[in-house]
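First comes the structure, then the notes that go with it.
The first chain written gets the first letter, and so on, giving A, B, C, D and E; residue counts start at 1 in each chain.
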Amino acid sequence: MPIDHKRINPPEDAVPYKLFTKLNTKSSQEQYQQILDKNQIRKDGRHASEHRKIYMKTGVIAHAKGSAYIEQGQTKIVASVFDPREIPNRLDYCLKGEVYCDFKFAPFSCPKRRLHQQDSQEKEYSSIMKKALEAAICRHEFPNFQVDVYVLVLHNAGSALSAAITAAGAALASAGIPMFDIITSSTLAIQGKDVLLDPDFEEETLSEIAIEKEHGIIVISVLATHDQISHFHQVGNLPLNVVSDSIDILHKSCKEIVPLVQKCVIRSVLAGISET
Amino acid sequence: MAESFRVLHPIKYYRDYIASNVRPDGRGLHKFRPVLVNIGSIQTADGSALAKVGDTTVICGIKAELCTPKPECAREGFLIPNVELPPLCSPKFRPGPPSDEAQVASQLLANIVKNSKCINLQELCLFPEKLAWCLFADIICISYDGSLMDACIIALMAALKSVQLPVVDYDPAADSRLVNEEEKKSLNIKSVPICSTFSIFDEKVVLYDPTDEEESLCSSTFNIVVREDQLSSVHKPGGAPISDEKLFECIKVSKERASTICKLIETAIHENNT
Amino acid sequence: MSKIREYTISNCEKNFLLKCLKDQTRLDGRAFDEFRNIEIEFGKDYGCCCVSLGQTRVLAQVTCEIQVPKSSRPSEGILNINIELNPIAAPNFEPTSKNDLFTQLNRTLEKCLKDSKAVDLESLCIKMSEKVWALRVDVNVLNHEGNILDCASIAALSALHHFRRPDVTCDGEDFIIHKYSQRDPIPIVIHHYPVCITYSIFERGEFILADPTLLEEGVADAFLTVGMNSYKELCGLHLGGKAELNPDILIQITQKAGNRAGIVVEQIKKAVKEENEKRLEDKSIGFHNKLCSTKNIDFEDLETCFDQWRIAPKRKHKDTEKNMIGETVEEQIQTENFSVKIEKKGSQSAVLVPEEFEEVGRVWGDSDEDEDAVVEIPKKIQTVSLLDSDSEEESTIVLNANSQTKKMEEITI
Amino acid sequence: MAKVLTDRAYIEMNYRPKAGLPCVQDRFYEAILKNTCETALAASLFPRASVVITLQEMHDNGQLISCAINAACLACLDSGIDMRFMFAAMTCFLTNNGDLHLRTPEVKEDIDAIFVFVFDSVKKNVIVSHTEGTFKTENYKLALEKCREGSETVFKFMRKEITKE
Amino acid sequence: MDTNNLLVCYPGQRLSLCDKVYNSGQGTYERQGYIYSNLAGLVDVVEKDGIKIIEVHSPGVQTIVPAQGDIVTAQVSIITQQFCKCYIKCIGDKVLSRHFRAILRREDIRATEKDKIDIYRSFRPGDIILARVLPITEAHTYQLSTAENELGVVIAHSEHGHPMVPISWTEMQCTKTYAKEPRKVAKVIPESVHEDFIVRLAGNVSEN
């Protein structure tokens, strides 16, 4: 790794201590078997089709136009939105405004330390978020301008992408950016016949490994009022019928989150009124 | 109307307020903002804390890794503090490598940690020349509204106090290391340095605990770091000159504030342990 | 903005220069093949030297560290050359961005010193494919008065010649790096001494000037840089600009450069030798010998008068601190300057509230809002629960809200 | 180049270490130097202009930051740009036996704390205070006084150097 | 404010049918015969000629961009022979938290004797001006005009940094040095939204 001249540099040979813990002899299959018991109850006591509890709050960042903080189980994410600004380095006129998304994991947010520079996964998530949010924002209302959306994951306990999209949606709404609808998002992890809604970090990682032939993760975001899916993201190997069933589950789950976001957004409006 | 006046002629706007001994946010000139500490909420980190000074929110997460000590200090481990000012926290920051402000903050924080000797780096060494702990302390600003250093130090110190390191068995002959995660130890934090920020407005009025707007309008901003009843840093990086009398008044105030904030951290730690 | 700082040459300057050349004169009175004076000074550190060529000044510093060798050359050390063009040298140099001039200079210098294998890289190997010395030569241009390259190559070579690396001994598996005080440091092995010699070409090779100044560089059609060692071996040749040059002239110039190289290398060797002798004799070394010939401040006198302030460490009674373990939920702290209140917030938090914040009414929380004002929210029972906590907690980000949500479970389900 | 300020000159500071690329520590020095020069130079007389100050480290034999600040002051004086006042830096060392020295002590381990102060030439007020190590307020006060007296000599030296040419 | 009688909505909320009586206004959009909100804010029904226009306004500082014909407050940053560059800081009486770049060309400074205009005799960098936004073209930046009596410099500082007061259409005078400097001065209009704003600024200036 080259020396970063703009940060204080650690010794070059630092390695996570987890590498030296007593060797975990369990294969991923064995690990997976512990995740769900016979009654479809997971380690944390949730049923396989049960979503974790969400806590949400807007207006956490003083100088942002809009901001939101979300806690989905242990997953903790902050999102902020800034006023439209002129698109830098652009000379031609564009009819629709642009959305710039920046998704970042804090260095301490995952079991393994993350680097300061944006890695490929973060870049991928940024572009997925951009696609998902673009559909919800009335981009024709601010031609030639760009809205900046920043997301920081403080603690990644699974389903970070969907939680980030939900939080970014709430931040956009509280920033007064014109939107077609409230956007919510949900994650589903599939391994064989098991279908886990809103997986935690361990469930998520295990579903990415091919223990059985059919496995994978699906993230969708939904514009609830008009029953539209604004984006669909899938990894792994799944047959078509499983996918369509999954979409139904996810769609339902996304709709269930909507009232929470609505309540949160309205609260921010009322807070705004009492200030002025 | 007042809002547009604030945008168009900010100095005059502030001058009018300060002439009547009050700041636009309703504080007196010599008043501090409330402080909040929350400890140990990020389980993926080995130690973590969130500090909030007024509207400035900072989160510090500490990740421990194993490394070999430097040949010149063979008996010492590492504490690597880095302050991150992401574009998320304020419209004045842009994405990209750390800004000059973030770099200066990181260095100042590293200096304060070194000067105050709050942590004995030798205790982070597991075996001389062979194995040591490297603590990555990443301090990320979530919301930026002035007095950044105050919040950074509180977050870092509170996070350090919450660090739980596993016990490591090291066999120098075979160079084998075994980490026992069941058994964990906390760090021995000797003392807690506390930073207070002050700004000089119009070269004569001292504002305590300035907000972002105040800092940008002021001609000088300086930090005083107190450890127990000693000073561990008086950092004034240029700007308008200050008279001795005002400087020592600020030192006195920071000492009083430091003891209350130390108690605050203690209370939060105690809450965490119960 | 950078254009303002650019050095531009007026037509009359240009014409005057060319006219002078026709009269066989240069503006500074030198002959066509005459070089400016070289001065080599050494700093206190090993491998630090400052070279001036007329008004052009360059500072070079060699540093070393242990690195893993390149996999393609496991038994060779590493040599890096980095030239820095700062605004200190000329106003049109930008501190951050690297321009074309930088790339050209750095590359030519690398060709001359690195690619000609002047430095014995194999002697820098400590352990095959594991540990080698990496040398880094930083060349900082201090003043740009034309012909940076010659000056930089002399500085880099002198610095390398002057530099000494710490000694390393092997103790079984371990390597011990000895400090300068423990064991004498070791000089770098240099096979041959190449330097760059630059000529500028005017009027299609009609006039060829050695060691051009800044103005001459600006007017010249082309320049020719010859990398040459004292054995008259060619170590790189670079022709820049547009000149229709006769091959004969090229050979002629190279011949001349050979003679010049011998002289320059002799001077470098002599300077380093003198410096090393000075070091042995414990004479005063370093830049300050030349820079400040007059001693203006006599600190010795100051010291004696200031040192009368001896400070006896005073002892103060420590205030017996209140024991505040857990029993008091809230504590009022009152001092001369403020009165604050520490409150426990549950879930690993505590908050410190200055008293006046309550008085002013700027409490943390939002005022309780009326649910009635909200229109059309379907209030069905969900698996997702909204934490309807007290307003106070809500305005702060309280991490781990889920510990609070647990309490809410009974209500929502 | 959007650094144009409508009400004063923009001061650009470059601090160059002797070897290697500038790192975080050098940025830290740069910030101190920049803020100091900003207050000392009468920047409001040159709106929409920029002043570039470059410092190149030649040799570090202790008291580097003081030396850099004094060099910057002399360079500013030499440039002929209007200044509100001169500034001079002094370093003071607190050794473990409680003594204060203006000269770098021979043994590094003896040093308890290092103080760097910069004073203005008009009121002799503190422009910069930079400290290393822990110390008592009294020590700080004494070091401040000592440096203030020492700065007189530096100011004298600067005046002499400037009038010489 | 009494929060009981307010109608609060969120983006995507269906507000009403879209028909002859109810029309979609600011902050709303129409889809498949219904009016939906596209902001989180307060619902406002404006009645005009028997038509009810439904609007939604978000609280606090609104997200707005300059539109043709808006009166804006801008700060001059750079002047050249042909144009001056400025930053739009307020639109009408709404303060922007992020300013927009704009250009004021020489021929748009005043309405008469256009060929005799000198930019440096009209504006100086740092001046606060009132200007009108010209029709938005394909160009990337906004174009402004001060070719009206009510538009031009409202706050300016003299060469020595002291505030100045207007003494005629074309001149302002320093309050400290009494030196006169040429400017394209704005006339204060009583009906304008800027009325009390300018009065207050004028008051502050004369205090100094």
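Just so it is clear, contacts are C-beta pairs under 8 Å (C-beta built on N, C-alpha and C of every residue); 3 or more make two chains touch, one makes a residue touch a chain.
Since we're looking at a predicted model, the values are computed, not measured.
Asks: Tell me which chains count as touching both chain B and chain D.
Replies: Expected: A, C, E.
Asks: Indicate, using Cα centroids, the chain positioned nearest the centre of all protein chains shown.
Replies: B
Asks: Give the chain pair that accounts for the most C-beta pairs in contact.
Replies: So the chains sharing the most C-beta contacts are A-B.
Asks: Using only Cα atoms to place each chain's centre, name the chain farthest from chain B.
Replies: E
Asks: Which one of the chains is farthest from chain A, going by Cα centres?
Replies: Checked the centroid distances; the maximum from chain A is D.
Asks: Could you work out how far the Cα centre of chain C sits from that of chain E, in whole Å?
Replies: Centre separation, chain C to chain E: 48 Å.
Asks: How many Å are there between the centre of chain C and the centre of chain D, using C-alpha atoms for each centre?
Replies: Each chain's C-alpha centroid was found; their separation is 20 Å.
Asks: For chain A and chain E, what's the span in angstrom between their mean Cα positions?
Replies: Result: the chain centres lie 39 Å from each other.
Asks: Which whole number of Å gives the spacing of the CA centres of chain A and chain B?
Replies: Taking the mean C-alpha position of each chain, the two centres sit 29 Å apart.
Asks: Give the residues of chain D that touch two or more other chains, as numbers and ranges in rising order.
Replies: 24, 27, 136
Asks: If I count partner chains per residue in chain B, which residues reach a count of at least 2?
Replies: 41-42, 57, 91, 103, 106-107, 110, 142, 229
Asks: Which parts of chain A, given as residue numbers and ranges, touch two or more other chains?
Replies: 6-8, 60, 74, 76, 78, 82-83, 154, 262, 266, 270, 274
Asks: In their shared complex, at which residues does chain B touch chain A?
Replies: Per the stated touch rule, the residues are 41-45, 48, 55-57, 59, 61-70, 78, 80-82, 84, 86-91, 95, 97-98, 102-103, 106-107, 110, 134, 136, 138, 140, 142-145, 166, 168, 177-181, 212.
Asks: Can you list the chain A residues touching chain B in their complex?
Replies: Residue list for chain A touching chain B: 4, 6-11, 13-18, 20-22, 60-64, 67, 74, 76, 78-80, 82-83, 102, 104, 106-111, 113, 116, 148, 150-152, 154-157.
Asks: Give the list of chain E residues in touch with chain B in this complex.
Replies: 61, 73, 75, 89-90, 93, 95-98, 128, 155, 196-197, 200-201, 204
Asks: Which chain A residues qualify as touching chain E in the complex?
Replies: It comes out as residues 65, 82-86, 90-93, 138, 141-142, 144-145, 173-182, 223-226, 261-262, 265-266, 268-270, 272-276.
Asks: Help me check something: in the complex, which residues belonging to chain C touch chain D?
Replies: Listed in rising order, the residues are 1-2, 43-45, 48, 50, 59, 61-63, 84, 86-88, 91, 95, 136, 138, 140, 142, 286-287, 296-297, 299, 302-303, 306-307, 309-314.
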